[in-house]
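Chains: A, B, C, D, E and F, in written order; residue numbering restarts at 1 for each.
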Amino acid sequence: MLDPIILFFIFGIAAGLLRSELRLPSQVYDFVSMLLLLTIGLKGGLELSKQEFSTIAPQMFAVFVVGLILPLFAYPILKIWGGFKRADAASIAAHYGSVSVGTYAVAVSYMASLNIHFEEHLPILLVVLEIPAIIVGILLAKGLSNGTNWKVVSHEIFAGKGIVLLIGGLLIGWFSGVEGIKTIEPLFFDLFKGILALFLLEMGLISASKISSLKQYGLFLVIFAITMPLLSALIGISMGLMFGFSIGGTAVLATLIASASYIAVPAAMRISVPEANPTLSLTASLGITFPFNILIGIPLYHQMAIKAHQIIGG
Amino acid sequence: MLDPIILFFIFGIAAGLLRSELRLPSQVYDFVSMLLLLTIGLKGGLELSKQEFSTIAPQMFAVFVVGLILPLFAYPILKIWGGFKRADAASIAAHYGSVSVGTYAVAVSYMASLNIHFEEHLPILLVVLEIPAIIVGILLAKGLSNGTNWKVVSHEIFAGKGIVLLIGGLLIGWFSGVEGIKTIEPLFFDLFKGILALFLLEMGLISASKISSLKQYGLFLVIFAITMPLLSALIGISMGLMFGFSIGGTAVLATLIASASYIAVPAAMRISVPEANPTLSLTASLGITFPFNILIGIPLYHQMAIKAHQIIGG
Amino acid sequence: MLDPIILFFIFGIAAGLLRSELRLPSQVYDFVSMLLLLTIGLKGGLELSKQEFSTIAPQMFAVFVVGLILPLFAYPILKIWGGFKRADAASIAAHYGSVSVGTYAVAVSYMASLNIHFEEHLPILLVVLEIPAIIVGILLAKGLSNGTNWKVVSHEIFAGKGIVLLIGGLLIGWFSGVEGIKTIEPLFFDLFKGILALFLLEMGLISASKISSLKQYGLFLVIFAITMPLLSALIGISMGLMFGFSIGGTAVLATLIASASYIAVPAAMRISVPEANPTLSLTASLGITFPFNILIGIPLYHQMAIKAHQIIGG
Amino acid sequence: MTADTIKKLVTIITELSLETTLIREIEQCGATGYTITNARGKGSRGERDAEWDADRNIRVEIVCNAKVAEAINYMLQEKYYDHFAMVSFTQDVSVLRANKF
Amino acid sequence: MTADTIKKLVTIITELSLETTLIREIEQCGATGYTITNARGKGSRGERDAEWDADRNIRVEIVCNAKVAEAINYMLQEKYYDHFAMVSFTQDVSVLRANKF
Amino acid sequence: MTADTIKKLVTIITELSLETTLIREIEQCGATGYTITNARGKGSRGERDAEWDADRNIRVEIVCNAKVAEAINYMLQEKYYDHFAMVSFTQDVSVLRANKF
């Protein structure tokens, strides 16, 4: 029996490939995204109020470092094997070093539907992971002595809707506490999966439109867009074990690291590395990696987490 | 005591006639419609998973035939008695041969509020009924040897938002099953009547604006727009009895057949029969038939179904 | 422990001051406002069905008179002490004589979260209070023998979205009754605080943008925009006592009278007194008075109501 | 192909709140039609970023003959320029079916 | 600075429901691009206030050479003018990088 | 009636993501105002159908004198034409209250 939210995603892809006129109205899509971001933030914030900062700080640091390393690892592959121009290789690398909140939300919903516990403070790591890859990507594209206006770039990153809503949600959740949040639960928590279903419907439609533009970019991009998340997931599994996470937490962290950005990074790259072709990275991220993670990745990473825990535990 | 959703509709009509600036924002209207279509589809799909296809298939066939016949019946009336041009008569006939999902939703809600059981697989018949009248309408307007681009027309019909969402909802409901759907119930099922209320508020506003443009089209259109649903309802009642439906199911089927399209058919006619005046058919369908069915038709068809069952049963 | 909806407001102000790109999409904002207005109307209407008109009529009259007097009181202050031009003084006075539904909603939510009872028919007084100040404002700006097209003005007032939705909600609530309304409660009542949270997020963003344009209007406007609600609240407290309201009702009425319009009045003034600078009054109302009432005013008026009841009771 | 005719295209950018009254006056000047799009912008009356109802602009286009164009421009100047955010400009355009305008 | 070149700007205001087919035909006339904005308005076929799907307008702009402009105008006249709410007008515009169009 | 004056109308169609920076530069060129509408379209960089944030266009109009128009066009050419989806064209328009621009 399939989770309905996955069916909504498949439905979206199918409708898109069949060239249906179906679209979630753009402002409704924005609204739905906002709700997801706020809900994820709120949940993380509620958890924060129960935790010691000292336990989380080292995890934040480790995750930040991973965010710096991932694009450095992807860049030469894209440049040398893929034959991409410098700007394009750097931009794609930045997308895969950063994360996708939509993918995270599906992982969360997957765990919830199987009643698997996971570390609820992961949204904080999510926020931390979004940023370093952008900086590395710009440096890769332009070199250290470049003319990047870092003030503009950092504004673009930190003032972007995604980060602001996640951090806002975290803080509100933290300050409100479990009791306080009760009154807004019907909107933010009870509707969560329905809202996620609508989000995935639209994401399916978008993915389908990107899939159609795939052929012009060749096989290498496809292979990269599947292999890169698999390798990233391995890193995620290792980190989960290192942090002493539960099986669920390990799988969600793997999903997080395996995911590729399609909102924050494209926006930042467009401003900072305009010579990179935005269609290239969005096609990979939205057309291949997102559907791969949703349909195959998450259950796979879950199995990997189980295996890894058996090996360690045994 | 009046059902609040009917009050919302009356409120919309009143606000519209008083030339208030009130409008549901267009994208919110689209969103609300999408939710209704998906919910109706989901409910039908859940029911499908409990039924044998062999019981439903003959009903689908019968209903398809009715969809072919209704416009053939309406066309000469409109052409000869109404004095409409060929294209206009054909287009109006197509509207009345097809169905209105909004009207169906109100019938469903009416039955639910009176705790009357009805056959839940009706959404499948709804999907089947939407289409044949469009084809007949085009043929009536253009003749058999016309230059209609059927590929474009069939894309217009099947790729239209309405059909896609209904079928998508049906399939998702079918594959998910009652257990699977639980997590998305708060959005799609619990909010249903509230969402329907907002939909009817906007429909009231739209109806009011169409009512204002009514006088220029004369009395015949008004009479047709009330008589046609009444006759169609009689056909619906007979079919309900034929199918062995409950009283509720008979009444809902009658409502379905009595309803007139205002989304799928106008869009298809605009492309295929551009010489037809779209204001004419929309004024009839939205300005008269929709409010008539909502305010008078549904309770009336319910009474008719009760009577019919008494006669048959006695 | 802070109410999360207040945190959403503070979050909005912070994000706005930090020049984040965060915005509630405009149609979603309209939708959220509509839901709040309808919910407030519905709640009032439910209450109406339990009350005698004869108890409420005198309160409506008294409140109407207050709505006439408040701008007459504010006008000379603004004109003489503030040095504003006639049109501007009249327009600002009208804003402060009228009310803000958003502020009322927060007061309602504040009382609910502290489990404090209040007179539920207050939405009727809200409707009554919106209007007189507009008329007085126009007369102040243009004199009695002016060329105001009162037909246009009254259409602008009564056909405005706010009034129409409030009155529509009132009537629907009244006719439906507590039982009837049950089916639409999940959307209109259960989601209320979540919807209010989103509304306040956007209001915070708007307030922040108005705060930025504050410096060019000088200190007087700031002082006025804080003092005026305080004085109005005193009047509200006295009226609450006069009406024999509970502590909660007294505080909510005080909040109501202390609030300043930012939707109905600006729209009406733009049409009727175009020579008034709209930025001036909106800056005061949205940039100062709204946040003041939300963050400081409501708890303060609650304390004032307690004190006043002690004095009277003792 | 029907011969082209030269007409005027008047474009007005102003506050959304004016829409109803402005349209009425434009028709009184003799315009047979108009087209409106939503807009935002900045000018002498500051930024109008369409974030708040009061800050929304519309962009109105009217195809008409020179006389109507002049009447519209005169009307704008007399009644609106002083108190409203408003910009307008006029161009020549060539149209088919010129009798429409 | 590259020398400016004079091109034609064709503006079409018509029903939203035509978008897909109209765009196809415009490209067949030789246009290399187009820009669309949502619009509402009023004309000989009554008010189209964008409140209902069937009442929404679009405003299509095409920068092109004179030949393509003529082809588009001819096509509009032949296929659309009779049955659809439609207005179109043509202007001269000066563009940079004229080879684009 | 005030005498009309001829000014330039520069229209730019480009990516939404450029809005903030582009506006800043346009003002630095000496423009006193601008108007923006949301748009979608197609050109040499493919279809931009406004479905995804990255695929949204804006249409910017600036009424200005010839010198500012030239400065804007030069700036666009230098800084944006190579890497961004962008089209621009310039026309003559007659305006009232010419001192505004």
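Here, a contact is a pair of C-beta atoms (placed from the backbone, for glycine too) under 8 Å apart; a residue touches a chain by one contact, two chains touch by 3 or more.
Computed from a predicted model, the values in this text were never measured in an experiment.
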For chain B and chain C, chains touching each: A
From chain E, the most remote chain by mean C-alpha position: C
Same-site or different-site touching of chain D by its copy chain E, using the half cut: different
Relative to chain F, chain with the most remote C-alpha centre: B
Whole-Å gap separating chain C and chain F, where each centre is the average of the chain's CA atoms: 40
Between chain F and chain B, distance of the C-alpha-averaged centres to the nearest whole Å: 46
Centroid distance [mean C-alpha coordinates] between chain F and chain D, Å: 19
Approximate Å spacing (C-alpha centroids) for the pair chain A, chain F: 35
Shared interface positions of chain D, touching two or more other chains: 37-38, 91
Where chain B touches two or more other chains, by residue: 25-28, 186, 191
Chain-to-chain touches, reported pairwise for every pair that qualifies: A-B, A-C, A-F, B-C, B-E, C-D, D-E, D-F, E-F
Chain E - residues contacting chain F, complex: 1-2, 4, 7, 9, 23, 32-38, 63, 91-97, 100
Of all residues in chain C, those that touch chain B in their complex: 25-28, 30-31, 34, 155, 158-161, 164-165, 168, 171-172, 175-177, 179-181, 183-188, 191
Chain E to chain B touching residues, read off their complex: 15, 17, 21, 46, 50-54, 82-84
Contacting residues of chain E [partner chain D, same complex]: 11, 13, 37-44, 57, 59, 70, 73-74, 76-77, 81, 87-91
For the chain C and chain D complex, residues of the former touching the latter: 23, 26, 152, 205-206, 209, 213, 263, 266-267, 270-271, 274-275, 278-279, 282, 286
